[in-house]
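Have a look at this one.
We call the chains A, B, C, D and E, going by the order they appear; numbering starts again at 1 in every chain.
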Amino acid sequence: MTDKFEPTIIGFTCNWCSYRAADLAGTARIKYPPNVRLVRLMCSGRLDPTFVFKALSSGADGVIITGCHPGECHYLEQNYKALRRFQLMKRTLVGLGLEPGRVKLIWASAAEGAKFASEINTFVEEIRALGPLHWGIPSDALPVSSVALEEVPA
Amino acid sequence: MTQHGETNPKSEERIGVYVCHCGTNIAGVVDVQGVAEWAASQLEHRGVVIGRDYKFMCSSLGQELIEKDIKELGLTRVVVAACSPHLHEATFRTACKNAGLNPYLCELVSIREQVSWVHTDKAMATAKSKAMISGGVERVIRHAPLEPLRVPIHPDTMVVGGGIAGIQSALEIADAGYHVYLVEREPSIGGHMAQFDKTFPTLDCSACILTPKMVQVGTHPNITMLTWSEVEKVDGFVGNFTVTVRKKARKIIEELCTGCGICQEKCPKKVIDDVYEAGLGYRKAVYTPFPQAVPKYPVMDVPNCTYFEKGTCKACEKFCPTNAIDFKQQDEILTLQVGAIVLATGYDLFDARRVTNYGYGRLPNVFTSLEFERLSNAAGPTNGNIVLRDGKTTPKSVGIVHCVGSRDRNFNNYCSVICCMQGLKFAHLVHERTGAIVYNFYIDMRTAYKAYDEFYQRVLEEGTLFVRGKVAEITDVARRPDEDGHLIVQVEDTLASKQRRIPVDMVILSTGLQPRYDAKETAKRFGLSCSADGWFIEKHPKLDPISTMTEGIYIAGCVQGPKDIPSSVAQGAAAAARVLGKIQQREISIEPVRASVNQDQCSGCRICNNLCPYNAISFVEDRAVSQVNAALCQGCGTCVAACPAGAISGTAFSNAQILAQIEGLMMLNLEEPVTA
Amino acid sequence: MSDKPKFAMYWAASCGGCEIAVLNINEKILDFDANFEVVFWPVAMDAKYKDVEAMEDGSILLTLFNGGIRTDENEHIAKLLRRKSKLLVAFGSCANEGCVPGLANFSSIKDMVDTAYSTVSTDNPGNIRPLTSYDMPEGTIHIPTLNPTLKTLDQVVDVDYYMPGCPPESHQIAAVIDLVIQVLQGKAELPPKGSVIGAGPSTVCDECQRSRNVKTITSFKRIMMTEIDPDLCLLEQGIPCNGPATRSGCNARCPTAGAQCIGCYGPAEGVVDYGARLISAFASVIDATDPNEIDRILDGIPDPAGQFYRFNLAGSLLRSSKSAWEKEKA
Amino acid sequence: MQNMEQERASAPPKQIEDLSLLGEVSHRTAGVSRLEMCIQCGTCGGSCPSEADMDHTPRMLFAMLRAGMRHAALMSNTPWICVSCYHCVVRCPQNVHIADVMYTLKGMAIEAKLYQDSTAPDFSQTFVDMVEEYGRSFEFGLATRHYLKHFPLRLPNMAPMGLGMLSKHRMNITPTRIKGIGQLKAILKRAKEVEATS
Amino acid sequence: MSDSYILYPGCSMESSARAYYDSLKAIAGIIDLRLQEIDDWNCCGATEYLGIKLTPAYALISRNLALAAQQANGTRTVVAPCSACYLNLAKADYYMQEQPVLGQHVNEALAAGGLSYKPGSLDIRHLLDVLVYDIGLDTIKSKVVRPLTGLRVAPYLGCMVPRPDYEHRWSDYEYPVELDLLLNALGAEVIEFPLKTECCGGHMTQISPDTAFELIRRLISAADSHQADIMTTVCPMCQMNLDAYQSETNKKFNTSFRMPIVFFTQLMGLAFGLDAKDLGFGQELVSARNALAKIGIEHPAEAPAGTAKPKKDGSLPMPAPLPPRNMHVVGKDKVAK
């Protein structure tokens, strides 16, 4: 293993654009660092800030959110809603003392496998430069009920 | 390794984890066996009862493995770590279903596209695979059994674009007994093929093979042709689209018009025909674009009509024998219900004026491919005489330039596919009709497909001079006496390693194809996406080049990417087959990814009310709560994420599922990777 | 010694408002007295920790615990009362989610103590600081030490029920006491463990009488600087009202009185992070697609973290600001 | 066996395929050269206004780089004949930084002392020497020194032109030196050190 | 937009291209073009240093960028009247962004002189660009008191202004229209000069004169065959090659061209009514006397061939010209040109 800090990053992808861009990066064998773990959502509009807080509080060093380009949303315009939410969420996180560079929103269409890979590359380096985060709480102190509280809808 | 499994209560589920080798695709980078063993031992407390790796999970033997475990081990959840869910989610869901497990209790983890194909460090790739499986396990625990939604399919179809691909598609569907609306924005169907003279490699006359098909469309009882019409809006979803079409006013009463042509004969206004004649010929202000046009009714070019411009003239009205002219006719808006849509909106020719060093638009005797098609067409402006821009001189030497606007980062990156064969066809036609010396300037000769290379051989035999080199510039500034009065094609003959300046009388640019100028808007209107180049994206580049990401909308012809006539026809027919397949199912199952509102928890704050682009959310005034119409909901989840009361939940992508997945994903971090 | 069921109430890091709220149930206090024996309630009666320690485990039927866990003393008593009580209720916003004392989680202990003892608000020319232990001739005496951050009750011990509010509304307290009495009399059953009691399942809007429409706003405004339509939803008027995300149960007191909800009842049923809900809600009503325009509108919420986590910081997923825990780790 | 080895050892260097050459040229070029993207289409050679005087077209030179023909490539006069007109650069369908590759090849040729004709390297060096000395170029000194050395026979032809330039005060007879010449020298010294170690 | 610019004159402006500098200073006041020269600038290395050593070459150029940025004081635009200087400055700025390691190396070197430069912090622009897009053709037109009516001018840009055009500042790489538009604004009769961006030979006059003379011949001969009275350039090197080596070229090819070569700023000065000698006229080796004499002659030349009506014959229509690109959108995508 290398000596350099290997950040753990959670990435959120939209099912239609960026997840497929990730697929395309794979099909084209475009390499990027293994620090990002992706969560598939149907749309960047599904991104609940809770997910980002959850990722950060679970030990992620950075969060990257990806969606269709403005004007190209599979659901017509939901990525704009994601954009608004992202901007307010980022301000809130900065208010909580987080470095603004730890959360990032990028657009990638289904055709942009190479762009997706290079964005991941860039982000991993940016987070590497920021160093580890490991937000405050040791994992054994996670609220007991945080997950169990949510009922699985039938 | 941070194990905080203790924070989660021990799962009651019985979970099977299956790790695919995908030959060496995954196994070459990820220690698949180690991952499977790890899952079985380290995730046991999360309910994993079995972890297996197998060469090809998607094979029937692989699937049987899962089915057997479900039955014998009583699995209640399945996690398959293999390729992208977009490829094999359906496969493994079916396997679960076959074994009696609800198909939605299966979760796919993409360790091929997201791990083995994009990472090289084996230890880190293995660690990431484990983390992703851990995420998948946590997520699948919170899956709920779901049933697909079933909706009826409207049996009518809309084909947009009346070129050869659209025509083929419409005819196939109509012949099978279903009704088709064929929408075309020009006055006639036929598309680019109607402009061509000959078609490669057989040199059939384009009109001779196209016209019968056009007539068939025009007379088919199952086809409603909507020419001079454009789609304005598409609502709904697979099986139930509502399409708004603007039928532009032709200013001609179709019921009365006999297509006799007297109106255009009498019309005093001559206009350069930029569309059908590629700017090389003229038409009138009231016109049918070409004699074989279908439908036969002319249209009035309102901006150019003398009456609309000056308030007098009406020559057409005066002479029309059936009183079919109606200057007051207005656009009509049609709202049509269809179950499926085929998009065959074609291509635009690359604008050769952008390559300023080729001088098109500045040097008169530089022609584009489409101009040359009209020039060599017997029905064209010169009656098929290949002459210079002066309209009379036959060229003694002609240069044909390949790759104009294609394979060039300054313009379009891609190969336009047809230009090599097009250039060869031009060489043959020039040779045959004028006897001129013909040069073909090419980078690579791409004559793949049946009988194409044979055609290349034929053109070689005819004595065409081939120069391998991308033309650097075309100029009329002579340096030597022999260049005087000619166009000079300056090029490196890369096989002779020498710059050459070749004087010719005429240059034909084998111009490439590019997406329609409004392709992006069209894509948006139909809810599709375009590649970076602007071509519409197919569902899968190899296995499903017909479908799109939007279910029920198919693509055919050049809208998907440059292609020749046989491929366009094939794709048109294939799209028709898809449509017919859908229609015959009568109803369709849709992924049950839907939002719903918990009425007890909804406070009626109405924040979600402006979020749904499909208007699936409505406010129930008397109970002061919002609700989601499941039939309209497309499952994006924006309202779920927005509800401040947490009253809206989404199936298949619930908060519980996603939060659990994140927690699972974070179980391992790369700083302390587990060496496999 | 009576054989009435035993009752305890404790205040950890809190203001005492919760106690007042309990007394505010008026004549219900008589029913309460008739049914319970108060064994430990520092605000209301004299009692020693050692008396509690001497009690049998589980011998207190009901403990209302208010206040957050700020000191080692708070934590010790929380654990003690947990042991001694059958039903431990996190009572009031502080115990539930940190409340105003939890705002200290924006700062490190050092910053907090500096602010308390060495700013203009404190007349402390000698810059004297409290010591946590001091050697006297009689021996060493201790005062409680501050924990690095404030925690909610359930971050320290297992909690049976949650009763939100700052303070909980008296009518809700009365109703809960009624319920417990009925359970004692065998006339009712306890709700499932972990339930939120004394509040509704929905949010403040559910009880708010202001009229509501589809919302799109182009700016956020401060309530004191704006002419307010008395009948229209405040958020629709650009006032950042936390009502849409705040649990119902207060009868929408603040919006009814013409002030925006600031969120003391905490998140609605099942919500994991209160602030996240408000971020989503406020962002959803913004009418702009251009990033710069969105930024301009968001400038109207100058302190989003404070706006969204006034009551909930300690109870949120992130629990404290980064600087607070970084210093804590160091 | 031994024979073969001897043969290999005595073979002129140009016959060894030096597959690191392309990468080296690309690496030493300013910006992102994209040299490896060349598709040998000949747009450069076709566009070149001075191709007639070149040993190889740029395209061919790139093919030689690819083939590892170090000696032959560095000996080629092509980079020296390049007039930096950038026609090839803007037309190149692969956006190869052709003109900058030519600068790199000149530098490498000087370094390896591989060129057929010292006129151009000398001119560059003389120019650079003057710039390093004064911080400004000095056309008169440059022209006289250069022409004296390389085109003594042409001098009589050029004399009227030179006189014209002088008489019209278009040439200064004395050089101008910048104030910060010390600073400039320090910068260039450090730059050379950086260059040597990178 | 700042109202003043930082000027990088370049070495030639003080010697061989004094006419350029003189005329620039003369017109600047009239069009309110405020220029502030970089203090103690150094030579950009022309096309020579780049061919010797990479880092020193870029460090040499970047010293000027560093000085300019220090001095910028509110503006960020550096104006260079010389094409080679313009290209070198722009190239260094662009490549140090494209390849950050180059920027690091250069900054290491600059540090030895107590300087630093952050790539991308300046806009490097050519004088013509600033005149056409910032000052504007309308302003220029409004200052014309003596239109150059009847003077047939060959607009000649040379290579390094429109190419490689890293920031997409020009209307085209091959046939940019900016100089034509400016000359039109001065009232001149601008010939459709097909070689307007062909090469003048550059430093080949020093290295391989025969190569250069051929290129000079092509240009002069093309201008001559278009009956140009005068050729105008935007670059000291072009002016020098075409003017000073014209007689050499004539000798070599046995021709007798007498094509005067002047800077476009000289023509602007004439149109603004300034005195020819204040504009550096007379410094050219091929005299512009005859051409100047032509201005002020009463009757204009016959209607230019380009505006003649198309003949009534069977000729086929030509495609419409591509509409000119929107004026000056910095960083615009290449495809949009």
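As a working rule, a contact is a pair of C-beta atoms (placed from the backbone, for glycine too) under 8 Å apart; a residue touches a chain by one contact, two chains touch by 3 or more.
This structure is a prediction, so every number in the text was calculated from the model and none was measured.
Any chain touching chain B that also touches chain D appears here: E.
Minimum number of contact steps separating chain A from chain C: 1.
By count of C-beta pairs in contact, D-E exceeds the other of the chain pairs B-C and D-E.
Centroid analysis (C-alpha atoms only) places C farthest from chain E.
Of all chains, the one whose mean C-alpha position sits at the greatest distance from that of chain B is C.
Separation between the centroids of chain C and chain E, computed from CA atoms only, is 72 Å. The distance from the centre of chain B to the centre of chain E, with each centre set as the mean of the Cα atoms, comes to 46 Å. Inter-chain spacing, taken between the CA centroids of chain C and chain D, is 76 Å.
Chain centres here are Cα averages; for chain A and chain D they lie 49 Å apart. Listed for chain C are residues 270, 272, 277, 280, 283-284, each touching two or more other chains.
Taken residue by residue, chain A touches two or more other chains at 48, 50, 54, 77, 81, 85, 144, 146, 150-151, whereas all remaining positions touch fewer.
Contact of a single residue of chain D with at least two other chains is seen at positions 52, 87, 90-91. You'll find the chains touch as A-B, A-C, B-C, B-D, B-E, D-E. The touching residues of chain C, when paired with chain A in their complex, are 106, 149, 154-155, 158, 194, 270, 272-273, 275-277, 279-280, 282-284, 286, 288-289, 291, 294-295, 298, 301, 303-306, 308-309, 316-326, 328-329.
Interface residues of chain A facing chain C in the complex, by the touch rule stated above, are 48-50, 53-54, 56-57, 70, 77, 80-81, 83-85, 87-89, 91-93, 95-98, 133, 135-137, 141, 143-146, 149-151. Taken together, the chain B residues at the contact with chain A in this complex read 2, 4, 6-9, 84-86, 110, 112-115, 117-121, 123-125, 127-128, 131-132, 135, 142-144, 523-524, 527, 529-533, 537, 549-550, 593, 596, 611, 613-614, 634-638, 640-642, 649-651, 653-663, 665-666, 669-671, 673. Across the interface of their complex, chain C is touched by residues 600-611, 619, 624, 641-647, 655, 659 of chain B. Against chain B, the residues of chain E that register as touching in their complex are 172-175, 194-195, 218, 222, 313-322, 334-335, 337.
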